[in-house]
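Going in written order, the chains are labelled A, B and C, and every chain counts its residues from 1.
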Amino acid sequence: MAALTLLETKGLTKTYGGLQANIDIDFTLQKGLVTALIGPNGAGKSTFVGMLSGRTSATRGRVIFEDRDISHLPAHKRIQLGLAYTFQITSIFTGLSVHENVALAAGRTMSADGNALNAKVHQTLDQVGIADRADQIAGDLSYGHQRLLEIAMGLAQEPKLFILDEPTQGLAETEINDFIALIRSLAGHTTILLIEHNMRVVMETADHIAVLDQGMMLAEGTPAQISANASVQAAYLGKTVDA
Amino acid sequence: MEFGPHLMLAALEGAVIASILVLTAMGLSIVFGVMRVVNVAHGEFFMLGAVLAWYVSTMLGGHPAVGFAAALVIAPLVVGLIAAVSDQLILKRINYDPDRTIVGTIGMLFIIQQTTLMTFGPEARPVEAPFNQRLALPWFEFGEGGLQMIWPWGLSITSYKLFVIFAALAVLVALWLFLTRTKIGLIMRATQQDSEMAKAFGVPVGTVYSCVFGLGAALAALGAVLVVPIQQAHYLMGADPLLMAFTVVIIGGLGSLPGTVIAAFLIGMSDGIISVFFSPTLAQIIATFLVAMILVFRPQGLMGKAET
Amino acid sequence: MTVARKINALHFGILLFLLACFFILPAYHVGALSRIMVLAIYAIGLNILFGYTGLLSLGHAMFFAAGMYGLGLSIKFLGVSVIPAFGIGIISAALLSLLVGLLALRTVGVSFMIVTLMFAQTIYLVVLYFGEYTRGDEGFVLQQAERMLLGFDVTTEAGRYFVAFAAFSICLIGFAALVQSSLGKRLVAIRENEERARMLGYDVWRYKLLAVIVSGTVSGVAGALYALLFGYVGATFASVQYSILPLLWVLLGGAGTTIGPLIGVAFMFYLIDASSAYTSAYMLIAGLALVILTMFAPRGIAGILRTKVSPWLP
């Protein structure tokens, strides 16, 4: 696969008061690959993707998406350019039906055509396996299904870059297997940036792994390279891993 | 009267307004600070205080000082109790949800106002001041013989108005001691810092909330008892203090007690001075609009710190 | 029957019923219903912002008053006829809501409520301050001759009823179309979870501003209509009380429902009507209703219907 760059950061830095959460991160994201972003708790992973999506404003540095500097765009403009973001803590419209949730996600670009929108919603719900629950109120779903709904809301936007912040957190083992299968089915046409603690998910889905530690990019490489990397093992794999 | 003495008179009137305002606004501020509740019925607790003062002083009769002294104790206690009970009956049951609390306290506003109309009636009723000597005030001027002390005609204040200023100061000091030196005060402040944590340490947050709501209302009532000998008791008198207290709390920074005191002083003084020199409606228009603009462009208030 | 058909049937059923009321009910109730329909338009205005977008304004009386004074003052002082005066009323409300939206939307939550309250209070005081023109609390009366709508006399019972009915029909149908449109769905999305809506790529601020403008303008339509049909313009309609009343109607009828505003106004009107035999302090009833509603039925009458009987209610 040709190594085309979809997104790039240059010197991306975030400081909270005196605390440096991200320090001069230079990072490139290859188009069409599943990239996993790993690192111990507090390494600054959520801050980093927050700055990519625009939820968090960067202290300094640049974010370049498809050769365009998006550093100063507000979050909704970045999403309109083709980023999609799923929250670490499930964030759905709990008072609306599952169908309406996905329709809102898909509807930004295709609200004019009601039939096409319906078809898209059904197809997306099918893809994540909760089509039979389309008419339920989202808040009544089980936790696992709510996470799937959130992923469906990301997919429905047909993003160029899909950022998932700890999507498997709190899921049961069988649900994790389904998630891995889903990510694999997307590989190739959707670029995915995955923040993940579960090393099995990382190893089974990622084409490329980036390791963040104490706000800095510690290492990057293929899963095999990362597993063999001594400093990564010291910083991360050697410590307690919750997988 | 010349400008100088006139300004001094205006400043004294302003100080009286500020004294009443600081008590009312402190009540609102404490309630917002600890409970995060915007109490729209606060002005009605003020009004209740004034009306109760009339009832107490009329029933006791005798020397005005007897009735006034009794009202000073009874009215805040009764109003505080009413507020604490309504907290238990209403606000607690809607979990202090912001939207529903506003709606609920608006409801309380109408209930208190209309019940007063039906019992107390639509008349404005005076309460006699316990003492009311006119004290002439001196003014200093450079005349032919250097600095001279003169007694301009009309430059005076009543002993009662002076008393109001000192009484408000005394209440403020007592309140400060109560919040910093007593156990219940400490518990209130702990609850303000972090109600979840306070709950974890075994603080009965529900009871603390009722006490705070009662204390806030009692402060408003106390301010009202002090004001009735100057301004008569009337069932609609709660609207202005409510708006003024809101203004003070916003400008002082929502929930910040030192900010509230400073803002009450500034606003009371300027209100006193402006209303001597300008049309009161125009002054109110400017003040209301400015407060809204402050909230729009500096939501943390003039003295408050920005939230993290 | 599909959901969309059911919704249409419901709205047309209500309109047919209101039309029939004119022929069936005695004069007293016909008069009451004209007033109820005009005030229901006002409640619809607030419901767009509060019920559907989740923004609680405590100052909607300023928009109602903008429509009312826009029409009333231009008839009285500019001597224009009803149609352009109506236009002036609506434009006044639209401009005011644009301005208030631009400023107030910089705040959220409790601050938004207080800011709207303060702006409305400013407008109220301005009305009093220019008492020379507005006649302040006393208000002024529009003469019958000044209230001819294209040669049609709106001062008769029938004229009043049909103008109110026509306006209410347009507003109800337009409102129903709005809430079922993708725009309406997006407003609800903002009410339900603003951050999620933003992270789906929606410009939340722009949608909120649009909601304030639509809501304020519809409220202004109600104000202008009230002045036209009842011939009276007064500062009471700009006071805090008239900001609180539509909130009460919407809460009572059901916030975030299309039929809630009409139900709320009608229910409140007849509740006060029935209680007036016992007390003149009708605001006591309003106060009790607010407290009881917010404690036991925060979703209102239509909200209860939606959860208990027909979940498809729009």
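Observations, loosely collected:
Basically, a residue touches a chain if its C-beta (ideal position, glycine included) is under 8 Å from a C-beta of that chain, and two chains touch if they have at least 3 such contacts.
Computed from a predicted structure; not experimentally measured.
Considering the contact criterion stated above, no chain is in touch with subunit A and with subunit C alike. Relative to the C-alpha centre of subunit C, the farthest chain centre belongs to A. Here the largest set of C-beta contact pairs joins the chains B-C.
The distance from the centre of subunit A to the centre of subunit C, each centre being the mean of the chain's C-alpha atoms, comes to 44 Å.
With each centre defined as the average position of its C-alpha atoms, the distance from subunit A to subunit B rounds to 53 Å. Chain centres here are Cα means. That of subunit B falls 34 Å from that of subunit C. Subunit C has no residue in contact with two or more other chains.
Interface of subunit C with subunit B (complex): residues 56, 58, 103-104, 106-107, 109-111, 113-115, 118-119, 121-122, 125-126, 128-129, 240, 244, 247, 251, 279, 281, 283-284, 286-295, 298. The touching residues of subunit C, when paired with subunit A in their complex, are 182, 185-186, 188-189, 192-193, 195-204.
Per the touch definition, subunit A reaches subunit C in the complex via residues 53, 55, 75-77, 79-80, 85, 87, 91-96, 100, 103-105, 107-108, 111, 153, 157. By the touch rule above, subunit B contacts subunit C in their complex via residues 38, 90, 93-94, 98-100, 102-104, 106-115, 117-118, 239, 243, 246, 250, 279, 281-282, 284-285, 288-289, 291-293, 295-297, 299.
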